[in-house]
Amino acid sequence: METIKTAVIGATGYTGLQLVELLDRHPEAEIAGVSSESAAGTSLRDQHPLAPDLTLIPAAEVPFREIDVVFLCLPHTQSAPVAGQALAAGCKVVDLSADLRLRTAESFEAWYHTAHPAPGLLPVPYGLPEVVGREPLMGADCIANPGCYATSILLALAPLARSGLILEGTPLIADCKSGVTGAGRKAKASLLFGEVHGNFYPYSIGRAHRHIGEVEQELAALGLAEGHLIFSPHLLPTDRGILSTIYVQVADQDGGMTALEEAYREELLVDVLPRGEIASLAHVVRTPRAVLSLTAAADSTLIIVSVLDNLMKGAASQAVQNFNLMVGLPETTGLIPATHLVQVP
Amino acid sequence: METIKTAVIGATGYTGLQLVELLDRHPEAEIAGVSSESAAGTSLRDQHPLAPDLTLIPAAEVPFREIDVVFLCLPHTQSAPVAGQALAAGCKVVDLSADLRLRTAESFEAWYHTAHPAPGLLPVPYGLPEVVGREPLMGADCIANPGCYATSILLALAPLARSGLILEGTPLIADCKSGVTGAGRKAKASLLFGEVHGNFYPYSIGRAHRHIGEVEQELAALGLAEGHLIFSPHLLPTDRGILSTIYVQVADQDGGMTALEEAYREELLVDVLPRGEIASLAHVVRTPRAVLSLTAAADSTLIIVSVLDNLMKGAASQAVQNFNLMVGLPETTGLIPATHLVQVP
Amino acid sequence: METIKTAVIGATGYTGLQLVELLDRHPEAEIAGVSSESAAGTSLRDQHPLAPDLTLIPAAEVPFREIDVVFLCLPHTQSAPVAGQALAAGCKVVDLSADLRLRTAESFEAWYHTAHPAPGLLPVPYGLPEVVGREPLMGADCIANPGCYATSILLALAPLARSGLILEGTPLIADCKSGVTGAGRKAKASLLFGEVHGNFYPYSIGRAHRHIGEVEQELAALGLAEGHLIFSPHLLPTDRGILSTIYVQVADQDGGMTALEEAYREELLVDVLPRGEIASLAHVVRTPRAVLSLTAAADSTLIIVSVLDNLMKGAASQAVQNFNLMVGLPETTGLIPATHLVQVP
Amino acid sequence: METIKTAVIGATGYTGLQLVELLDRHPEAEIAGVSSESAAGTSLRDQHPLAPDLTLIPAAEVPFREIDVVFLCLPHTQSAPVAGQALAAGCKVVDLSADLRLRTAESFEAWYHTAHPAPGLLPVPYGLPEVVGREPLMGADCIANPGCYATSILLALAPLARSGLILEGTPLIADCKSGVTGAGRKAKASLLFGEVHGNFYPYSIGRAHRHIGEVEQELAALGLAEGHLIFSPHLLPTDRGILSTIYVQVADQDGGMTALEEAYREELLVDVLPRGEIASLAHVVRTPRAVLSLTAAADSTLIIVSVLDNLMKGAASQAVQNFNLMVGLPETTGLIPATHLVQVP
């Protein structure tokens, strides 16, 4: 059987590097191109000593006609136009940017405060298999890979939304903490080691962060009214991992917990811990899985702790799940052994 | 004028060491004794290379009759009996343990699941000057120094409780993150560098953590019903600092913010940031102050970010505030210059 | 083909956990037993959320007669007696402790200041395949797995010792820095996060550290006089990795570099970087390889930077190399894919 | 008595911020101006929440005629021209850049590979009081503040150079490790938290680093031949502190140790630990002092561990020492209480 030819556009960021690592050991994929504008002409290994020795080329030189599936790891507004070119060349696309996650250009503009760069491509299936199901993703030509925070929050809230147990008019509070690779690999003074070490703080709290748009869109599809999500991202002094502590008021705490347990009972990459245990970053860092833990608290509140690795289930390994579904491979191909990559410590 | 003779019982933990540092440069205090059972006979400098070279003695050998004020940095249940001895010897006491924070032995037993070691000492004024006022603390013989998390949460909630704006029956959610010195200096495997580095997790979430008792006691005194606080402490991979992200539903968001701004307008050690700014650990680490920031969110929710240094305003510098009030000194004596000790980074 | 039955004695330390991870995904090995005295009766997963769910038993209950190869991850003096029992039961042994590394009981006693617990087992082949060659290790019944620092230093110095280029009478300076997992997983106050974070220091410097014994023993076998190694270990505020900066005065700097390049040209798990590049922990953390870089400096000095992951090439993955040689498998079985496990970051 | 008017040119880097903090609490100094080109018009507090609320202005607008002493925290080649302007306006100068450290333009050009920007200003006294003595610094109009690594190495080697005990023709090996603030506050991808966390590596090793020039210049003045210093800087995953492990071959180990002990016996800001103790970053971080520890090793080698805070004794507090000497104040004015600022932890 022939391997599937892939390319990674924007390979030098944290997500791109992680994705190249995964594709490099994927048994059915071959990396036929890696792109970067600023580092074109150099080796990807110059970006990290363990990266494969592949020469970076500008995106415009990637031969989409010879590629089966392209992964886009570009900033928003830059990604969709490249998606359009790739699709036109007959290439399938997994877009890891935010460009194609919202179903309408209006939604995009409401949350990103800029015109949508390629509205003709919308809508595109939202690639969170454990929430939207496999049907829209299997064989798709183009998939919008979810945001890292959005994945973490949706895995916790979708089964509750579907259950109808969430008390109407109550706030959904997602207090999320992310390692710094979630902020990307661009040189910014605020992300220097000297600024982050010993520090910790929230940012864009309340109704400000752009991931609210995609979370509420997907929850609305499950019947939950928009406008109630309060989202407080925080920057953690560590490299990888998102831990979301989520507070929801439900009509039936036990029923809510059961809904979550049932939702993921058959899932290979989303685990719900036995009641009484609590999720930690150590459950997921450098693995493709997400883990949830459940605690009942006062005033009908259910606390869901939802953890994942922002570069894996929050980005690159989820992209590989979507890739596998796109091309008809078992969804966890190239991922499951990684579950065993115990991180000690 | 004569200096005030002090002693620190339990000087080798993080709180004890921090307190010794503060007393050592306090212009009116003198350290007349430092105690440790396990390290008796050695120098405090063996505990930290910058600690003063004072010989540790067992608590039983501290001459309380010659001491004016003793600070107790002992585990709960061990502290109150020593407080009793010191008081009997005519010595004033600032107790940094949990023993004297709850007004009744019943409350203590409900939260600490053990008999109170010295119920005859109760009640004792709760030493959070910006919340309880100075009146009960000025000249007091014995003060219970608040818990670090409790200080952080009470500074955020007390003005709202007093305002009557909190919506009845809604949960008060305190999602708190603390640096590891908050867990003490005992050798525990879970606190090894190899376990904490790269990790992050909540513990004792919901209604389980013991600081809920003292927070609800103080809020009840301001008219707020008990039972609604949901408290999720998390362990941060840094040494110092607590950041609490607190979600409260209020009848009037602007009124709630104004209540907080008014409450601390004249305070020297509690600052409320201008609206639009967000508090970070960098605002407070290694300083005696607490800082709050305020954000309005959906569904009548007010988000208060409350930060302090767990070893300073969360323990030792608050103990010095209480000491100053006890002995009739200006409350910030020995503390204010430290506000200027910029931590860069 | 039948899998090879293995057991890990002392599975709850960092080395034990890492070894279990490697054996768990080794294609020819099966884990038939994991032991711990203090945690007997509980699951290994209680030690780390990603560890396999295996029940720990006391070492005395491990059925050595049914095990093919046992790995000993025990403190020195406790390990050799268990090695004796296992060998008597017909089981092969890879001993990761220091007990069997020195060829004579006298040497052991000189460096460890205690009687050797099982002198009858000595000598045992020293399991550093790239230095001692495969001949003594292939099919061996018992192998002494080298120390982490020792591996790092020997990989740098052995080819130079063999070359005869080291200037007689000059000191060999090994300035080594290790992540904290090198110090083990016992609860010690000095290894608490609060003590290590923001700190850095050397310990046991000069001629004091016990790894000098095994390094000089192996270098003496290659013709280098003992007594000249100066070894300064330092504790790094990170979890994994050793970086040794080694200074040697040689008769011919280019010749020395060539000797190192030649020595490892065919090795799969030891790389020498092109001249001009410099090794970093990022080259090796979470991989089974060691990497060296070479720089000529003043006064005939050659600087060799030698890096490895203390839990992998410094302990567990080297043990798997030795296991593979013992049982007749290709040396890198179960290890090479891990080279591809890019750590980004 | 009137306060001395100071200005800090380049106030937004780590050194500038630290210096502003020190001057802000200096009892005899007043900050009359802080400059930044990129942040002109904003408050220094925007750079760090604990910095004083001073408005930044461009350097060209600082009124040197009204300033008594100006501190230059600018990149090399940009600093000397400003020094010239300030001196011409009758203002004294402490230059924290490298521009004025080397006595001749030729030396500067040899190490910095660019033309000296203001050769007419050379030579200028080198501001390391404990090495060059106070005589050249007292009342000086312009002082070149030493480099951080250079200070650390010179404090260890100067007394030995003066003693004549260093064995001729042997290398002087300085294996130095610095926290990341030593690399400055410019946004560089290599200094991102995600790149530094969990990593460690040397750079510019051998005879490449520019601080060798000033170290050998000062040692030559004490009679030691140039060309033997081997200097290996490493980047530590922490914010502050330099620890240098220095290896020197001496004719008399005890004599060498005594020379060091004698040299600093009367110094207030340089301590030599009792033999047997070992220096750590914890001895010096956030203090104005340097600490040395001494260990005899094989082959006539003396190991000196030299520690300091790169932003304090390695930059800003040393600049304040020089300022005090310049204006006739006791050398430790504004610094000594900081010695008491115990860092726990």
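For this structure, a couple of remarks:
Letters A, B, C and D mark the chains in the order given here, with residues in each chain numbered from 1 onward.
Definition applied: a residue touches a chain if its C-beta (ideal position, glycine included) is under 8 Å from a C-beta of that chain, and two chains touch if they have at least 3 such contacts.
Owing to the predicted nature of the structure, the values given are computational and were not obtained by experimental measurement.
Under the touch definition stated at the top, subunit A and subunit D share these contacting partners: B, C. Placing every chain at the mean of its C-alpha atoms, the farthest one from subunit B is found to be C. Averaged C-alpha coordinates put the centre of subunit B at 46 Å from the centre of subunit C. Annotation: 39 Å between the Cα-based centres of subunit A and subunit B. In whole angstrom, the spacing between the mean C-alpha positions of subunit A and subunit C is 38. Residue positions 14, 181, 194-195, 197-198, 237-240, 280, 282, 345 of subunit C are each in touch with at least two other chains. Against subunit A, the residues of subunit C that register as touching in their complex are 14, 17-18, 20-21, 24-25, 48-51, 181, 198, 239-240, 280, 282-283, 286-287, 311, 337, 339-345.
Residue ranges of subunit C in contact with subunit B, taken from their complex: 14, 179-181, 185-189, 191-198, 237-239. Only residues 169-171, 173, 175, 177, 194-195, 197-203, 205-207, 227-230, 232, 234, 236-241, 243, 245, 247, 249, 278-282, 285, 295-299, 301, 303, 305, 345 of subunit D touch subunit C when the two sit together in their complex.
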